[in-house]
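This report refers to the structure that appears directly beneath it.
A, B, C and D label the chains in the order they appear, each numbered from 1.
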Amino acid sequence: MKFSVIGCGKVGATIAFTAMLKNFAHEIVLVDVNSDKARGEMFDIMQCEAYEPQTLFHAGSYEDTAGSDVVIITAGIPRRHDEPRVLLLERNARLIADIVRQVVNYSPECILFMVTNPLDVMVQLAYEVSGFPASRVIGMGTVLDTARYRAFLSREFTVNARDIDAYVIGEHGETMVPVASNIKIKGISLEQFPAYSDKILTDIIDHVIATSGEVIALKGGTVFAPAVSACIVLEAIVHNASAILPVCTVNERYGAPLSLPTVIGKNGAGTVFDLALTKAEKERLDASVANIKTYVDELHSAIK
Amino acid sequence: MKFSVIGCGKVGATIAFTAMLKNFAHEIVLVDVNSDKARGEMFDIMQCEAYEPQTLFHAGSYEDTAGSDVVIITAGIPRRHDEPRVLLLERNARLIADIVRQVVNYSPECILFMVTNPLDVMVQLAYEVSGFPASRVIGMGTVLDTARYRAFLSREFTVNARDIDAYVIGEHGETMVPVASNIKIKGISLEQFPAYSDKILTDIIDHVIATSGEVIALKGGTVFAPAVSACIVLEAIVHNASAILPVCTVNERYGAPLSLPTVIGKNGAGTVFDLALTKAEKERLDASVANIKTYVDELHSAIK
Amino acid sequence: MKFSVIGCGKVGATIAFTAMLKNFAHEIVLVDVNSDKARGEMFDIMQCEAYEPQTLFHAGSYEDTAGSDVVIITAGIPRRHDEPRVLLLERNARLIADIVRQVVNYSPECILFMVTNPLDVMVQLAYEVSGFPASRVIGMGTVLDTARYRAFLSREFTVNARDIDAYVIGEHGETMVPVASNIKIKGISLEQFPAYSDKILTDIIDHVIATSGEVIALKGGTVFAPAVSACIVLEAIVHNASAILPVCTVNERYGAPLSLPTVIGKNGAGTVFDLALTKAEKERLDASVANIKTYVDELHSAIK
Amino acid sequence: MKFSVIGCGKVGATIAFTAMLKNFAHEIVLVDVNSDKARGEMFDIMQCEAYEPQTLFHAGSYEDTAGSDVVIITAGIPRRHDEPRVLLLERNARLIADIVRQVVNYSPECILFMVTNPLDVMVQLAYEVSGFPASRVIGMGTVLDTARYRAFLSREFTVNARDIDAYVIGEHGETMVPVASNIKIKGISLEQFPAYSDKILTDIIDHVIATSGEVIALKGGTVFAPAVSACIVLEAIVHNASAILPVCTVNERYGAPLSLPTVIGKNGAGTVFDLALTKAEKERLDASVANIKTYVDELHSAIK
């Protein structure tokens, strides 16, 4: 396996670090518009190998990414505290289009894994620019929001977060849809847990929606949870794990990029599933999709 | 196992994150003078648990650290680019003495693991303030410099860095001693490798000494290699691995804290070994120890 | 952590081997009525440590098990092909009672983990003889049958077996209840999978019930799946994972030992959950419990 | 990665099981002359996947092995207690030649990994029959004997066995050469350890030579240490680890297949190193090579 990481900010670098700890790839190429930054991260991570798995790290150019199996794109200016993700759009669209063209030129068979925000439109953009099938253009989407949802549920109900089947779907942004109905914990209904109350669940959902801003306010950015969320998708690809994860892909049925539970394996995204939703949840999802479509229209205006 | 991390800067937070990935502890408490920072890191790391091992994270006070098995102290102002580590001394001595007193009060049986620079004097300080036996006051020391040495050798000779028996010993600072004689790679002499030349080895040693400053200049700090170097010591404690690592301990034979190959297990530091050195290396080590002693004297002046 | 394994047949030895690979314990003591066997397994496993985690292995007596955190009991004559598990009862009851007495004498605070068949009555026996609370007497139960169910579903529906929330509950034996209703795969209903048909599910269930005998016929015994099933329970204990697993415990509500989804952590078994069952499934579970109760009565006759 | 395992005896099956636990391959094909045995092992291992990594297991024919990256050959009648390995020769030579022809036909680019005894001649045979370069015909060789040597040293000197640079080289058989001079433990001379005495080292060496027979006598065969020894070589291939391991390859310099420290990575065997030996050790190695050459001559007679 050969990975390339385009964009060596905190999230990009921490993805590369975590991927090294997990021995996902023989080779990882770091590319950043600031080549010093890429070189600094390369040294800092490659100096771990005396105590960790052996991954050959390079800091380099697009040429060095040639033949990558997976290219992780985190470049772009990160979201500021309380800033709507969509304001990032214009700043990032041209940049990402350029990156995707370069990447695809050198790695025409790769899986594109998008981390840059606003996530959903960036997936749409990468899909259009790359000419790849939708199965090979995957966005981190609500894998991160879902991680937060499950972590908070885990803490409140004292149960393993890996056992929790709760999802945030739709947009990776303000209109995200944390699905409250039908939550199962290894097949057990959440309502069966002694600690359950509607109030607790509502509070958790509010926290899920707020926590990205909360963490940015508290520590200046979100780093570890995004990196681990990226790595669980990478793991499913590397180990052909057929894991179900709410990644974002361009979805024909919905006519938009959005996050839904999706089977992930070595060929990228497979079957995409709908969840059984309540009427209210269905309406929120529709609104979220409508919102994404507005952004996609703005994208098309911006890059015309 | 219960860990506490005092100081949630980049290195402290990344140690906590990596320890979570490696499932070292049931519980990790994060303490920082900036409680928002600790809370932010706590959320960012605990939100990983949907895809990673389950570790109970708290952001808290010293009281919350009660009963810790290992307390990792990273607090203190980090070294600036090209700044001699010793200038950190006055700034950090009083701070660390206070921290150690608090920690020891709540966890009288813990192992103290020091990461704060200037490392060697901080180990001396923690040893004196804690009243712990030397075996339970361990500094990261040249475990980090050794990681860099082995990583560079690995890259140049295309061999697994984990197989390389090369050490940096002495001070974790300007007078560090990268030992060039007697390097073995899984028992094979370095000279037997086709790529070997004196020049290559000398260049690598120069790079080892320079790379901390280099990485700080390139990316603004060193994070991943320090975190992984801390975690290899923690792993040896958690898994009672009897691993040999060049940690820093207060050494009666030398009358100073310094880094030498040391057996690490669940009770902390065990046998400390001398390496076979050339005359020149012996002289460099003596100078390094003399340098540390000067700092220790300055410490004693500073905290009198 | 200190483990002891009582009974070094293929399953016991493979549990010890797998626990070593997973670095669960600092120390593992192997006890077998045939001390040569225990010694042979000890050498064969401890000779792995040059390439694997460091676990201190001993082949010893009950005295050597003193202070164990978990004691795994696999002793007893294994089930022969097509033999009803209950015929094992008389042969194994007296043996296991003796073992439990010895174990509890030396490790009064341990968790007893029962693997010996017929499993449910052995859990009852160990519970009575030990005087332990039910939370510290855990049987492997249908964790194994559930593994098989999920593996077959995984193969048929090309999805990660770890994501499948399907259970076998009730007796670990002829009257086991593979629950077909309400199967979720990471929250997605099985019926939503393109490959789904009633026929496929029925065939899988038939295979789950038959496969123990099938594997015994094909290779002479079942070894790896039982060992891994034991280790997932051990992992939940060692890492305090609050995982939900269908272990067997003595259940007050049912008045019998049986397997149901149960939260497992460092203190052993926690909350036990009922699954939403169809009327037919409920009847099968009642019959299974009735069957276990008959065996418990026979147990009480046998050891009177 | 696709692996095939030819021969599903205890060692072959345990290699497949351990490789699954370690997530080495997407797909593993099990082939055995007794197809029931292969099928039984396939079920027993694939039923682990509810709690372990996802590996697609097949029990099949040579046709199913097509496109394997690594083919592990363990087929052959195992050595009996006290039986000289060479008596196995005639029984196994024709069988292995047939297997190699089949394997190479379907996987012309694979790495052949030989586990069948008498090991050294089997490597020679596979090398000749396959027409592969020596780098792609690797025998487990003294990786196993070395594991035992390091494990015994580890136990006696209370040090991590992974840190020990001690080797058994030469024949994997009666004339094996445990090298006693120049043993390093992470670069520290064995003589520096407080527990060291010549007597202890001599006793350990005697034990290394005897232990294969000892374990066979005690438990009826050696299983776990051989499987783990195979897997450390597989790991070096899968993760391109450039690890130094004493595998057996056909060595031009010595004009024979023998085990020496060798760099292993994704392309198989790389540089082969000589150890610094005492005169006595050099003589023992010469005798060991001479012994192997005799067996190779017998092989050539047997398969003429």
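Quick note on the criterion: a residue touches a chain if its C-beta (ideal position, glycine included) is under 8 Å from a C-beta of that chain, and two chains touch if they have at least 3 such contacts.
From a predicted model like this one, the values you see are computed outputs, not experimental measurements.
Taking the definition of touch as given, a chain qualifies here only if it contacts chain C and chain D alike; those chains are A, B.
After Cα superposition, the angle needed to carry chain A onto chain D is 180 degrees, rounded to a multiple of 5. Taking each chain's centre as the mean of its C-alpha atoms, chain A lies 42 Å from chain D. Averaging Cα coordinates per chain places chain A and chain B 33 Å apart. Chain B and chain D have Cα centroids lying 38 Å from one another.
Residue numbers of chain B whose C-beta contacts span two or more other chains: 54, 154, 160, 162, 241-242.
By the touch criterion given at the top, residues 23, 26, 53-54, 239-242, 266 of chain A touch chain D in their complex. Of all residues in chain A, those touching chain C in their complex are 154, 158-160, 162-163, 165-167, 182-189, 192-194, 236, 241-244, 261, 263, 271, 273-276.
Those residues of chain A whose C-beta lies close enough to touch chain B in the complex are 13, 17-18, 21, 36-37, 39-41, 43-52, 54, 146-151, 154-155, 160-162, 164, 211, 214-215, 217-220, 222-225, 228-229, 231-232.
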